[in-house]
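By written order: A, B, C and D. Residues from 1 in each chain.
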């Protein structure tokens, strides 16, 4: 709508609240599904579906405020793809965005723990190790970046909320790792000893794989979608959803 | 479309019919799912999915008539957010809206009972007590209010039907309480002795938690979305869906 | 787009093909789900979901040709609501529409039987009797008519495909009868001895209940949505989807 | 947006990457669902749902580049329906499109194998034979072509991504064959010894049935949707999604 971004404090509040709500749904639905079904397929179906639905509604509602990233690698990609245009995030904003996302993700994880009568923060003991899991994280994150910023580059940022939910749901099922695809959520999931937790020792290679995947996605972007013309106007709806 | 709201009797009829249909789906799908599946996860999946789908279609179809609230706390929030503009509900209308919603919810619950060969009204014996459940109700209701009126404030009221369905489905899975998030439905669910029932004694703290959550949601609204300019025109589609 | 309806033979072909595809999905998904899952809840979930998805895509794709009714009671309601405007179906067209729908539904049922190595037409022995089932059929059909033509009357015919799918999925779960809500499909389902079949003896009260429900839905239409102004122009997109 | 198609190398990259991602989701979700659930219905539900969601997001994101076909028979139909207008694929482009799709599908299948700690390429031993399966493939593919190009012909190409996902999900459940409906994916699925695999000996009749179904779909297109006027302008959004 307007080209003027909201003030930074509102954008950070939106990133923190949105990432907290997302983490609460991811972690909470995992706990509830585990309590309800003995069928591991039904558990995962509930966890994945709830998480994807939350992604869609949170990005749609909060996108016009902050971009609706809720994911440091999406913020990095938003900064990178708009760095020559003076319209995107600055490097300093990138840092505080990531901080707000991480704080939100940990708070949301704690909220989910509390809602199921657990201590606010726990320590996960669930090891998730293996090169095939890291490959899966890279594939899931790379395609996330490629699809989201391909939509933005073709002037269809309004489809980003649905696209993220659709892709993450598909990728959770398609991958061995479950498609965390988000460093803030990956770090926060160390703090719940439940279905969606991850042991601290398994986190670093997950983060590295996600970063490498995102870089591949960014590298593929011009191969598939071309280079953006410097003179073309930025479509309103792309700005609306990605840089707020 | 038009800025002239339909006459009050049509708006009340829409709120009553819509809330009745919603309650019939919530209660009826719970009874059917319980009859069909021994897996508690599958039962909940069916109940949640059916309820969320009904919310989307009922708000979309009846929204232009009455706002499609079907929930007294949504009506309260609609009154509050538009109280300075002369376009929203009056306090008196708020009261009759809540009455129509409650009457509709009880009728719909009774209809579901009848459709499954039960007496029109029953008494639920299902206690739902505990601070963690109340926290869950507050979180689910607060985010519902924040997301719905954030969409309205940013001129995207047309997304409200989908957003409500998406959020409620996610919140049902994410919370220990199952995200009732609606005082009219909570009261009506005292009258079915089935999957979705709630014992009368458990109702008051649920209502209080929902109210507190809604207030937190309203308090967060300007923090994330800013204060509405007094001079800005109200977008058509926001009016269309929220105040009819 | 254009106010000129396609020629009748194309409209009848679209109604026949669309209803055949719908019947094939309803019946075929019931057979497959029965073969795959021992959990009656999972079976019904698969059958309902597949049927609702097919409704959405078939109405969306074929709606501009024939209106995408695939249901004689929807055709009746389309004729009734537009009878004073010279733009809807004539009584004679109504008859041939119903014929095309019934022929399509039986053909689609037979196709599903063949795809699962059964004879083209079978006789169902599955009795579905009881006043609570008839109440359920009336409720499901009445709300279908109310929601669809409420959308049309408020100029939002473009939402009809999604609304029909959402409502039917919700109603299948909410009702004891499974929400047949369609006389052509009800008659056709006599011809498969599988999950979705219905014994011939159970059909007449189902049809009567559906008819009564549709009449109640039509009677509620002006109560909720008002009477259409004679002078107001018919919105393009309403015509597009309902009368082609 | 623009009538100028992107350069061929970008279109081929988009077809290859999109078909690879699609194949990875189809095959990967089959492996994961098999590992998680003992209920064959839950397995199929997960596999079908993930595949359909991936189709929607991939066609939506990559459609403006290459048309988002990911299926040689869709490319054939795109060429055929636009052969007199000088705007569609040429015969030579059709060949390289099919090559890119097949290379992508095999790569994606291998990627899924790797993500689940299997060799890059395997040999499937799963026979899928029988006239009823071939009938099912013809029905699923024919309706896919009819619905997609019916939407394009009526100027609603923007609905194609959702329509493909909806139809494929419905058709998977409705058919005995599982609705492969795509020669590139069918060939690639020879190379995984898992849930979605197909033995080489079963492939030729599948391909033939898919081809015959597509031809029936193309033959029905003018019967239902009429012949396109030679003088009518091509709607932008149709071009956008089908020929890029």
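In this text, contacts are C-beta pairs under 8 Å (C-beta built on N, C-alpha and C of every residue); 3 or more make two chains touch, one makes a residue touch a chain.
As the structure is a prediction and not an experimental result, all values here were calculated from the model.
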- Where centres are the averaged C-alpha coordinates, which chain has the largest centre distance to subunit B? D
- Task: Determine whether subunit C and subunit D, two copies of the same sequence, contact each other through the same residue numbers or different ones, counting it as same when over half of the numbers at the interface appear on both sides.
- Result: different
- Find the geometric centre of each of subunit B and subunit C from their Cα atoms only, then give the gap between the two centres in Å, rounded to an integer. 28
- Starting from the mean Cα coordinates of subunit A and subunit C, work out the distance between those two points in Å. 40
- Note: subunit D residues in touch with at least two other chains are 39, 42-43, 45
- Message: What's the complete list of touching chain pairs for this entry?
- Response: A-B, A-D, B-C, C-D
- Item | Complex interface listing, subunit B residues touching subunit C | 1, 6, 10, 13-14, 17, 21, 24-25, 27-29, 32-33, 36-39, 42-43, 45-47, 49-51, 53-54, 56-58, 60-62, 64-65, 111-112, 114-117
- Query: What does subunit B use to touch subunit A in their complex?
  - Reply: 39-45, 130, 132, 135-136, 139, 143, 146-147, 150-151, 154-156, 159, 162-163, 166-167, 169-177, 220, 223-226
